[in-house]
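Each of the two complexes below includes chain A, the first together with chain B, the second together with chain C.
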Partner chain A sequence: MSALSLASDRRVPGSRLIRWLRKWKTFSLGLFLTVIFLLVTLFADGIAPYDPEATDYTTRFSSPSLTHPFSTDEHGRDILSRVVYGGRVSLVVGIGSVLLASIIAISIGLMIGFLGGRLDTLVSRLVDAFFAIPGILWAITIVAILGPSTRSALIAIAVARIPVTIRVARASIIAARENDYVEASRALGSSWWFIVFRTILPNCAGPLLVLVSLGFAVAILDEAALSYLGLSAQPPTPSWGNMLQQSQRYLHDSLWYVIFPGLTLFLVVLGLNLVGDGIRDLFDPRRNMNRPG
Partner chain B sequence: MTLDLLPTPTNPVPVLDLQDLSVVYATEEGEVTAVQQVSFTLEQGEVLGLVGESGCGKSTLGLTLLRLLGWPGRCAGGRSFFNGQDLLRLSQADMQKLRGDRLAMIFQNPMNSLNPTETIEAQIAETILAHRKITRAEARTRVVELLELVGISGAKDRLTQYPFELSGGMRQRVLIATALALHPDLLVADEPTTALDLTVQGQILWLLEDLQKQSHMAMIYITHNLAVAASISHRMAVMYSGWLVELAPAVELFRWPAHPYTLGLLASIPRHHWRHQRVTPIPGQPQRRLTSAVGCPFEPRCGRATGVCREDVPPLEHIAPGHSVRCFHAG
Partner chain C sequence: MARYILHRLLSAIPVLLAITLLVFLITFLIPGDPTYTLLGMEVTEDMRQALRVQLGLDQPFHVRYGIWLWNVFHGDLGRSIFGQFKVTYLISRALPVSLELMALSLTVALLIAVPAALISAVKKNTRVDVVVTLAAFTGLSLPAFWLAIMLIYLFAVAWRILPASGFVRVSENLAGNLRTMILPSMTLGIILSTGLMRFLRAGILDVLNEDYVRTARMKGVREPFVLLRHVLKNALIPFITILGLEIGWLLGGSVIIENVFALPGMGRLAMNAILQRDYNLVQGVVLVLAGLFILINLAVDLICAVLDPRIRLGETPR
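And then the complex of A and B:
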């Protein structure tokens, strides 16, 4: 990098960030998609042109047009509005389940990783046992017990995600615990609180952050799967999964009905995955940060 | 606030009084001796150089003093009186109060002994704040004083730096500053210069020596480098296979080494004027020693060994004032 380009950094604020983003094209694309998803979902009330649940039987299965850009469904409801509001369910379940799972699993992982011993063995074997059952099956069982709703889906997806998070948290905590500075910190009389939360935890933040960031995409897909099965948000509340499920019956009447919710789901999951991959690369020590991949 | 690193009145009780301290490690073949009935005392302001080859138990001894030894290590007996109280009988909570305050330790690898996610200030201040009820601002003043004390230039600017911004020698200085933050009575230095460049080694050694003299604290300097140990210590203790085999004033150990192992160690120091001579290594390898083993631990490698050496461990006998040796055939 020449002195000239360094000087230009100072003149144009943010130009370094822009250059960095241009270098990391896939991450930028992911970030772009994610930011759009977040903005649209947060400002759904202003963006959605219609009430997502308002029916209008005069315009059933209309093709995409200026009045209904994403066409309309079997009740004449505006699909754009439904996709926008459906994003809310995805966002709430995605963030909620990942946070819930992370808080519970990281606490457990921190405890068993730090204390070790029999408790560690017991919990680790329990986690292994959980791995024998597919996550979605767990989620279906839990929703069946709690009754189908967005809240149940959130809890179910969180529970299904806990074992893998415990495993990663425990492994990275055990690795971090073996560092010399942990022993040095003990030798200098630090409290266990300081050792756990300021010495060990920040030093295993990398793998945990990657797991959490990749977790959003998985959670949103799981939510779509559950609502496709009718186990999450209940109609008429729109969610991408239940829209896809309903659209199936009308494939011959309107292909647009299935395309728009499906495409949205695809782009949002793609965006979140690319962001997750970018974060993983950031924390990969073998990766040369100046050479994007 | 100024640093009051002045000698305090002499204490009638030794700072450290080890009595028959034993540590074992659990292995699949049985319990292996790491430290075997080690006894010595350490007076205020005294530096003891603890030397021996890798695996002789010198670091284990250091960790045991601070009760930092974890599984599979276990203290198998003995007493460790520190300022009159037996450390081995203290609760972990009381022990934590002592560590970093009256009793501190610095480690071999400065590159990895500082937490990479905390600033220099936060790490030093944590030790102070864990033991003293003072404000963060007061702690900061103290941290700056300490950094200046250990010879770090621009101490104020260093406060917000992270360990990766410092060189190895600087990091060891920071660790020393942390260990000395509350004027400990005893500092255990476990090979503090081994991982550093030769020139930096010298600087750190002088710094430690200087600070030790100023503060009049007792220090155990663990190293495998006899020359380094000799330059800083008043007395030296030689360990072999967990046993203390020779304890003598530093000068005397070099002039009149009595134990065959000490002789072997001295013979294997390379000297610059020995152009055409090779160093004389001690034959054989140190061996793991089960707790059930009998006889002198050095017997398999010893040129003086006789029948009695295979049957009993020799007692630690005084052969001169302040000089004791564990050998049937000393001299």
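And then the complex of A and C:
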């Protein structure tokens, strides 16, 4: 007998701790990071030590210090303050695009999933086609149409997110509509609108909630990428992406300039992903990749 | 098998047609009049109109779509509105760059993901497994362009062993070409590997509990052989399906990474074309990228059918 089959049963020192860490620590860590992000962004005015757009050419590229904990950029602006205010762009675009995409896509997905037939085939084929084109190209196109701004980025990311949301919504309604209570509601003479939104929607809320919660992380990453390409918030308004774009030009002058905005972005996305993963485990424990045994 | 292939090929046709429609719609949605960029502000409306007629911009939507589609079927994607270059020429210059980037990234990703997933699944719940799992989760949240800039800092600024950006064609200098491709493909490869690792680890764990694995071990088959021949091979089928989808991510990721490293690939070509409202070029590039995605997924389905007879028997229509 090899050691392999034993490995899964063997209690390694600390494995109980690991399991506990996985079950609770990751979700709490995610929640902690998310709450910090929300609080700091909402109370940016009170937290940021300086005006994020105030320049001071006597302190260009200073090292991290008590006066400038995150150091300063090429115009001597305080990077901590810019990171704090940059969170606003991420928060607005993150929440706005996910809500916009969810409302549109879930309505469409539920409708075609419920009605079926030719309309369903047509929309599903269009979604397939949509899928074949990278989301970033859709986003760039939308920004080209609307002109680069935070608002355009919000709409662009929402549009790029619609196909995947339609797919999930359609799949979950198709799974849910075969239930007896749907038949019962129909027998009672309910309109299809009532059946979809009052009978079926609450019963396929799980997968949709998971999709929406994981969507925030994706949307914030996408916003940063668009900002980096110069297609979202325009300078001097700080966003994590446009700060990173600038920092790449000054790599020889300051490493801190790259580290702080990027690390913040990473931690916020990590937090949102951990929360989303926790919600997924809640609704579907089988899909937990750390399943025991 | 032939029937299955035929069925899959035929079902790809409506999707491809829908893609051409979407691609054509994109250019209708982009506002702005290319005659302004071409002729400037100081010309008469008559000259503008003449150019529109020459470019076919005065025709209604369905006529333009029809003509364009007819030309596409004949391998003619038109000319770039700006450089007077043929769109097919520009794509033939850019596509190899992107394909090389994707192939190298995929290689890096597999070199990391397969051994890591195997070790992690076999040594389940040990410290190694925890480290791999954490790394996989971290990668999911890592912004690709940030990782890229950090790698540039390490390799180009601090150690000065690789170029920070730019591109050398294979035909000019193979070693130079590889030097410019290392950092971009490392960036995409590392991030891609973390996604693949999660799936492969879960797949291997599923297979490890199968009866045939226990049977093989009881027969006295040696462990490395069990892992490669019985476990990995069977875990590969769901993995290849995921791989097809992840290549879609790679197409999108390479758009950003090509911009970070100034690589003259399809992503950069697409972005510049969209921003400059170069209609023909946008249509051509997006069409080729989407076609590539469809082809890759078709290939993935066929590979799965070859590997697993159940798929081609189960899904054959009637």
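Couple of notes before you dig in:
We adopt the following convention: the second predicted complex is superposed on the first by the 255 of 293 C-alpha atoms of A that agree within 3 Å, B and C clash if a C-alpha of one lies under 4 Å from a C-alpha of the other, contacts with A are read in each partner's own complex, and residues count from 1 in each chain.
Going forward, a contact is a pair of C-beta atoms (placed from the backbone, for glycine too) under 8 Å apart; a residue touches a chain by one contact, two chains touch by 3 or more.
Keep in mind that what you see is a predicted model, and the values were worked out from it rather than measured.
More residues of chain A lie in touch with C than with the remaining chain of the pair chain B and chain C.
Looking at the shared chain after the overlay, A:T141 reaches chain C, while chain B stays out of its contact range.
Legend: residue contacts after superposition of the two complexes on their common chain; A:H252 is shown touching chain C, with no touch to chain B. Of the two partner chains placed by superposition, only chain B is touched by A:S190; chain C is not.
When the two complexes are overlaid on their common chain A, residue A:S107 makes contact with neither chain B nor chain C.
Using the contact criterion defined above for the overlaid structures, shared-chain residue A:T199 touches chain B, although it does not reach chain C.
In the superposition on chain A, no contact is made by A:S65 with either chain B or chain C. Within the superposed three-chain model, A:A217 lies in touch with chain C and out of touch with chain B [touch as defined at top].
Interface residues of chain A facing chain C in the complex, by the touch rule stated above, are 1-2, 4-5, 7-8, 12, 14-15, 18-19, 125-126, 128-137, 140-141, 144-145, 217, 221, 224-225, 228-229, 244, 247-248, 251-252, 255, 258, 262, 265-266, 269-270, 273-274, 277, 289-291. Against chain A, the residues of chain C that register as touching in their complex are 14-16, 18-19, 21-23, 26, 29-31, 122-127, 130, 133, 137-138, 140-146, 149-150, 152-153, 156-157, 164, 198, 201-202, 205, 208, 214, 217, 223, 248, 251-252, 255-256, 259-260, 267, 270-271, 274-275, 277, 282, 286, 289-291, 293-294. The touching residues of chain A, counted against chain B in their complex, run 179-181, 183-191, 194, 198-199, 202-203, 205. Chain B makes touch with chain A in their complex at residues 66, 68, 96-101, 104-107, 109, 112-118, 122, 126-127, 130-131, 175, 178-179.
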